[in-house]
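Shared between the two complexes below is chain A, which has chain B as its partner in the first and chain C in the second.
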Partner chain A sequence: MIKLENISFDHCIKCTVCTIYCPVARVTHLYPGPKQSGPDTERLRIKNPELLDVSLKYCSNCKRCEIACPSDVKIADIIQTAKWRYSKKELRIRDFLLSRTDLMGTFGTLFSAIVNFFTHLGMVKYFLDVIFKIPSGRTFPNYASGTFTKWFKSVRKYQDNYADKVIYFHGCYVNYNYPQLGKDVVKVVNALGKGVIITKEKCCGVPLIANGYIKKAQSHGRHNIKVLSSALPDDKTKIVSASSSCTLALKHEYPNLLELDNSPIINNITYITQFILEEFEKGNILRLKPLSYTVAYHSPCHLERMGSAAFTIELLRKIPALTVKILHSECCGISGTYGFKNEYYGISQSVGNELFRIIDEAKPDFVVTDCETCKWQIEMNTKYKVIHPISLLAEAIE
Partner chain B sequence: MRYDCIIIGAGVAGLTAGIRCAKEGLHTAIISSGMSALHFSSGSIDLLGYRDNAVVYKPFEAIDQLTGTIAQHPYTKCGKPLIIEALLFFKQECEQQGLFLFDNGNLNHFHVTTLGTLKPTYFSQRSVFNEDVYSRFKAMKKIVIINFEGYRDFHPQLAAAQLSKHSLFANCEIVAKQIEMPQLQDDGKYPHEFRSIDIARIFEKEANIEKIADLIRLAAKDADFVVMPAVMGITNFNQIHNKLQSRTRLLVYEVPTLPPSILGMRIDNALKSRFAELGGVYIAGDKVVRADITDDVVNAIYTNSHPENPMEAQCYILSTGSFFSGGLVSEFDNMYEPIFKLKLHHEPERNKWYNQNFFHRDSHAFLQYGVLTDESLRPYDSNNNIIQNLYCSGAIMAHYNPIKEGCGSGVAISTGYKAAGQIINLLKRMS
Partner chain C sequence: MKTLEAEVIVIGGGATGCGVLRDCTLRGIDAILIEKNDIASGTTGRNHGLLHSGARYAVRDLESATECIKENRILKKIAWHCIEPTGGLFVTLPEDDPNYHNRLLEACRFAGIDAKEISVKKALSIEPNCNPNILSAIWVPDGTIDPFRLTSANILDSIERGAHVFTHTQVERIMLKQNQVIGVQCYDKTAGEYLEIYAPIIVNASGVWGQHICKTAGIELKMFPSKGSMVIIDYRINNVVVNRCRVPSDGDIIVPGDTVSLIGTTSRKIPYDTIDELVVDDDEIDVLLSDGEKLIPNVSRARVLRAYCGVRPLIAVSGEMDGRDISRGVVLIDHKERDNVQGLITIAGGKLMTYRLMAEMTTDLIAKKLGNSKRCLTYKIPLPGSEKRVGYTKKIKYFSGIPNSVVGSTHYRHGERVHNILSLKKRNYGLICECEMVTLGEVEYAIKNLKVNDIVDLRRRTRIGMGPCQGELCAYRAAGLFTEFGDFTPDESTKLLMDFLEERFKGVKPVLWGDGLREFEFTYWIYQGLFGLGLVEDNNT
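Let's look at the complex of A and B:
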């Protein structure tokens, strides 16, 4: 049965605009592009799942095609759904491990020193390449030596001093790889006169979706909707996230791809820079000291898909003395776990080349972006350090 | 978020307005749900090509006549002096981004269509119209029309046959040729679909240009003119064109293709970059779904992605285009403007909307339908009240037919420019 709301492929006027803006189709002809992999062949797949064209695995789910489509076709959703609905899933240990960010994270942070040491070792990289098909050229993000949630226990009591609360969905990256960003979020939210609540969240599901573990993603989604909604003291309280992909998952992928009812939380979920700007507009303004840097801002694909990049840009412009160069919107190529796989590594690097070039051209002091995987990709491929806008803001707070 | 001005829709109209507002220092945002009609257009700016089913050669004289007779026409609301100012503004802003538009002074010029017909227009890009093209057109003896093997969206034989029917080419030999592209792709494979964009990407790789130029020269060595589908790249088209011409020592001319239109995308690219350069905020991929209006003033608009978070501005511009782009919506027996539910000019009976003959000279009535506005481009709500801080521009406006009159982009530029001007003046008066 085709659900009536899922026939957006029928609105396609065959204009090929999506394929123009697809970063993967731009660099390789192994991928026929969103028009053909999405609306064109969806009608065939509905008729006969055997007509599945395996090349749609090349789609990185960056969603740039959907931003460009003049007819509102949910192209990337069609492709992701087809990937899991029609293809026979062969279990791959690599995909399993890459997608279990929370499992890997728990392990990684427990033994961070050992894990970090090994993942940077040439020999280990070679084995990862041969056995797991993980490219040896790829630099791995480090695991932190303690999780964010563990640190948060030390400040939880303090949060009760604030009457107003904000729920913070920190995500796996903050918890296992980069607790400092979480600490910066807490600092900023506290500076705005609000306390932070965290819940027993699970991975938002983005890496699970990307690797085709849809059932698992659905169960994580259901869990998150439940814990977040029951933690809400009232319907005005915001659920913020500083990860563009987590926010997209909670808001967009849950209902559209995972077919979950996220109505109890959808109006509360706010990307962090938007939340802060709204506070500013209510008169709750942070006093910021000048930061005389020149930064290049890269807007992540998933933030663009939510129409939220403007919030971050606006917020950065509020920091005194900061010079912000807005980079032309380009995909960095990593697309989450995509760039961690041998078969896509070359594509991922070619996609990013244009971005790396314009970053070098901009000659900033450092790069600012909202997405953790963009950060890895840019740090690996340029000489610049990459900072989250919230960390910059935290630095500017007096 | 709060702005001075929010523009809904990033077509020619919205981008022209956005650039003018940003240039005046207004805090401006443009929000657009998808790519605009530029991606399907010829990439030439039509000002006024036809009146009473006859070709217009002197557009400004025809505009004088038109503004004297059709009170409701958007050109009448703008007036000729403002139209001239707007065209110059548009041309200069494009130039800032290295996109050069050529005109024939007070006259229209003609561009060759995909089918080989000639169409009157006002501005064209250098590869379509310039002094050389103009001066040599009359004396030419041989034209070679080239296509690239595997490209099915252009038919040189058809274009050649059509073009030779024209009196201008009575003494001219027109030949169709096919070029086999070498396996230029990075992975040695042809794309699954070979569209204008795929060829444009081959052209954009600098290493390929010489090889292609040599193939063109071989196919067209004794021609005065080489005509090819418009695929000479989206960003570095000036260099590509120069290189092709100097290496082939031929005049290379581009013909607009079926969508996606590379010529149109160059304009899209130039305007968006210019807007960003001026500090404008461009929000892509989000759709405005409703507005909050009290006492004939728009307080805020809401989008698909942020249904609960208002976007606020002092003034708004509605440039969401016509039926094709979703600015207007038609159902079986009614039509409406989806965001503000504005008053429309249209016939209620469906059978009056269109012409039975699809290609009829009189075109279709629905193309004239759209929102009604006052002299300063402010629309009426369904109770016939003027909305005070909303202005309309481009294809969403009523009382003109872009196809029949050949005036689509001219109207979009003029009304976008005027709407921005109204807002700039209003905000100046208020402060």
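Let's look at the complex of A and C:
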């Protein structure tokens, strides 16, 4: 029996709008674009797996092709699946390390001072470049001196004061690199009169998928579905995340790419700004003080793929006195671990150039975006500080 | 008027005619082939491309079955680049007679076909898309064969060995001197001129059109055309041939063919005067899809690319009208014996599978008439492209730098001739057809070497325009290349483009729904709305 969910490529009418919107194909001829790498050559790969084109490794999985596609072809999923299903597995230490965000995070937070010191040293960068093929031009995110989960233990007892609960999927970045965002989330959720539950989650799997560790990603996925669903006190409780890519993974990548059954949690997963906005609509409105900043808002690719950028924008507009300049939607180029690899670094930077230019043109006080890796890329390439919309909201709470 | 001379004139550029031409050439007989349209444009190019193991005929027609398995083994050797030895399954559905399974196994053993019973589980692992409710399965050495490549390779070899081929040239009449044929008068449609070719022997290999050819020599030969329709599915839904284990009937076979799959076939008697204007009927498509659904569930939810039909050239041997004497086997007629016309031979009936055997039989008769004592060699000399059997992996490595999909597809289509086509120059491997990975180099090679007169011919040599977009993105690019690599003015190229799109539309029209309809609307918008192709025609007239 033909599995209809696997044949979305069959709907492609070759309009090529995906390739027009592909940020990678725009800057390099090495990548023939999503149409050719996805639906076109999928027919050939079905005929003979040897016809796999190595050029599809240049896909950064930003999923802008899927947003552009008028025929609902799961282009990026086709490419990602082809990458690991047909290509030969080659184990690279670099890819292993880059994709094990939780392992690296545990280590990094333990010795944060030393790790942060070394990763900013020119000499170390040079060695990373030569040995691990990690570009020396890339700035590394700092590790925090303690994890978010450790901090959360200190506030867990207060969460029981709230009758309503929200499960918060914090993700690796919040846990190991930037616990402050997690603290802001807890502050905002508490301000809405709800308690926060956190589970023994594992990395959502996005970096594992990007680096071809599909089996590992599947086992993480299964674990997360299990812990999240068993922590759900009832059907109505929301599972929120402030990371656009984690949310996309839980909601879309699990069933579409990893072929996992996420039906016990799919209806509960919500991106945090959507959750807050829905609370506002129910009358549970936060009292916000005016913030007289001018911010430039950059919508991350994966947030756009979920159609959730509108919620963030709407939420930012609720903050009194805040001027929000919405930037033209462009990919920043980093695409998770993509921009941490020598072979893609140049492409990654070229992709981002347009975004950096329009940020400079907007002359904001700072940039706002939902995605941690977009933040790294923008902070590295522009003079502006980047903050998360939830941190801004937390600041506005009286 | 141009005149030419040869020892043999072959009329008809189907598999049989091209096979006769090659056989003659290999035996040192000077032969000329005339085809009114393009090679493989008649019945040869309008079947499902099944490399029969013979199993399909084994129960009812043992002779055909033994012929098939013998030729199956020969073709795998001499024409491997036109063949995929996929293997095939005969599956019994719950509603089918369960006894046919054993009858088929028995008959296959008798015919010398290595058929073996396999478990349902094994069958489903070989063909995961197959209906899981099947009761039993038999594995047979079926495969797929590309009739366009096969015919083209025969022509290419003949030309390289000195034969002459005239395509798009219509035979007006066979010239006779008393009871002896002396040649043919024909009209070259491309050059717009008449020509006369003289030869003491004429082979009528024009299949179902042979009735008309014979008539020009005053001979009555009665054909009983039977139409067979097929539908093409957008992609390769099965990797092995899937047959229904029952007495052959409508819609009981699904054949993978290169990047697509075909559901075949129907069988309907049609009047002789309609053979040039065949249409696929709606109810045939319904039957094919609903029966295809029984073999591979959900197949009708995949995109149907095209529907097309061919005519089986069934011939009445004794000239009687009631059709009882219709033979489905090979018919070789020496008209000297039948009608007292010396030098005219008709070869008809048979199957694509037996084209080489038919050519051998015909050429044996020609050689006898000419006093040529050379033996047939076509069973062992490989066709151009099939000289060496090299796997994908090696070729991909050899052409590293060119995308694997391009190298693999080109090698698949042209075998060893891939070396005459691909080069590491960037322009050479730029894509013209994005669905089937046809490069500029391949188009150049085809236009210059493979008797290509228009984009429709180019399609038969390269698969250009045969993918899901049906010419949407490649047709205009290909048209442009005809001015670069062929002798065509831009106006003529535009005409080629229009003819090609019309030809593509013919096959798409019967299946215009769903994604196919969306695709077609988009194509229409590009060519009519954006390029204004309709206006071009107005200006010319």
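Here is the rule we use: the second predicted complex is superposed on the first by the 396 of 398 C-alpha atoms of A that agree within 3 Å, B and C clash if a C-alpha of one lies under 4 Å from a C-alpha of the other, contacts with A are read in each partner's own complex, and residues count from 1 in each chain.
Here, a contact is a pair of C-beta atoms (placed from the backbone, for glycine too) under 8 Å apart; a residue touches a chain by one contact, two chains touch by 3 or more.
These numbers were taken from a predicted model, which means no experiment stands behind them.
Asker: Based on the superposed arrangement, let me know which partner A:15 touches: chain B (first), chain C (second), both, or neither?
Answerer: A:15: touches chain B and chain C.
Asker: On the A-aligned overlay, A:397 touches which partner chain: chain B = first, chain C = second, or both, or neither?
Answerer: Neither chain B nor chain C is touched by A:397.
Asker: Pick one for A:36: touches chain B only (first), chain C only (second), both, or neither.
Answerer: both
Asker: Which partner does A:71 reach: the first (chain B), the second (chain C), both, or neither?
Answerer: In the superposition, A:71 touches chain B and chain C alike.
Asker: Regarding the shared-chain residue A:7, is it in contact with chain B (first), chain C (second), both, or neither?
Answerer: second
Asker: With both complexes overlaid on chain A, does A:52 touch chain B (first), chain C (second), both or neither?
Answerer: Touch status of A:52: second partner only.
Asker: Check whether chain B or chain C contacts more residues of chain A in the superposed model.
Answerer: B
Asker: Does chain B (first) or chain C (second) touch A:44, or do both, or does neither?
Answerer: The answer is second: A:44 touches chain C but not chain B.
Asker: For A:277, using the defined touch cut-off, is the partner it touches chain B, chain C, both, or neither? Pick first, second, both or neither.
Answerer: first
Asker: Just which bits of chain A does chain B share with chain C as contact spots?
Answerer: In the superposed arrangement, which is not itself an observed complex, chain A uses residues 15-16, 32, 35-36, 71 for both chain B and chain C.
Asker: Which chain C residues qualify as touching chain A in the complex?
Answerer: Contact set of chain C toward chain A: 129, 131-132, 234-237, 256, 258-259, 296-299, 301-303, 392-393, 396, 403-405, 408-409, 431, 434-435, 437, 467-469, 472-473, 515, 518-519, 522.
Asker: In their shared complex, at which residues does chain A touch chain C?
Answerer: Residues 1-4, 7, 9-16, 32, 35-36, 40-44, 46-48, 50-55, 71.
Asker: Write out the stretch or stretches of chain A touching chain B in their complex.
Answerer: Contact set of chain A toward chain B: 15-17, 19-21, 26-30, 32-33, 35-36, 66-72, 251-252, 267, 270, 274, 277-278, 281, 304-311, 313-314, 326, 328-329.
Asker: Along chain B, where are the residues that touch chain A in the complex?
Answerer: Residues 1-2, 29, 31, 33-36, 39-40, 185-187, 189-193, 195, 197, 201, 259-260, 265, 273, 276, 281-287, 303-309, 325-326 of chain B touch chain A in their complex.
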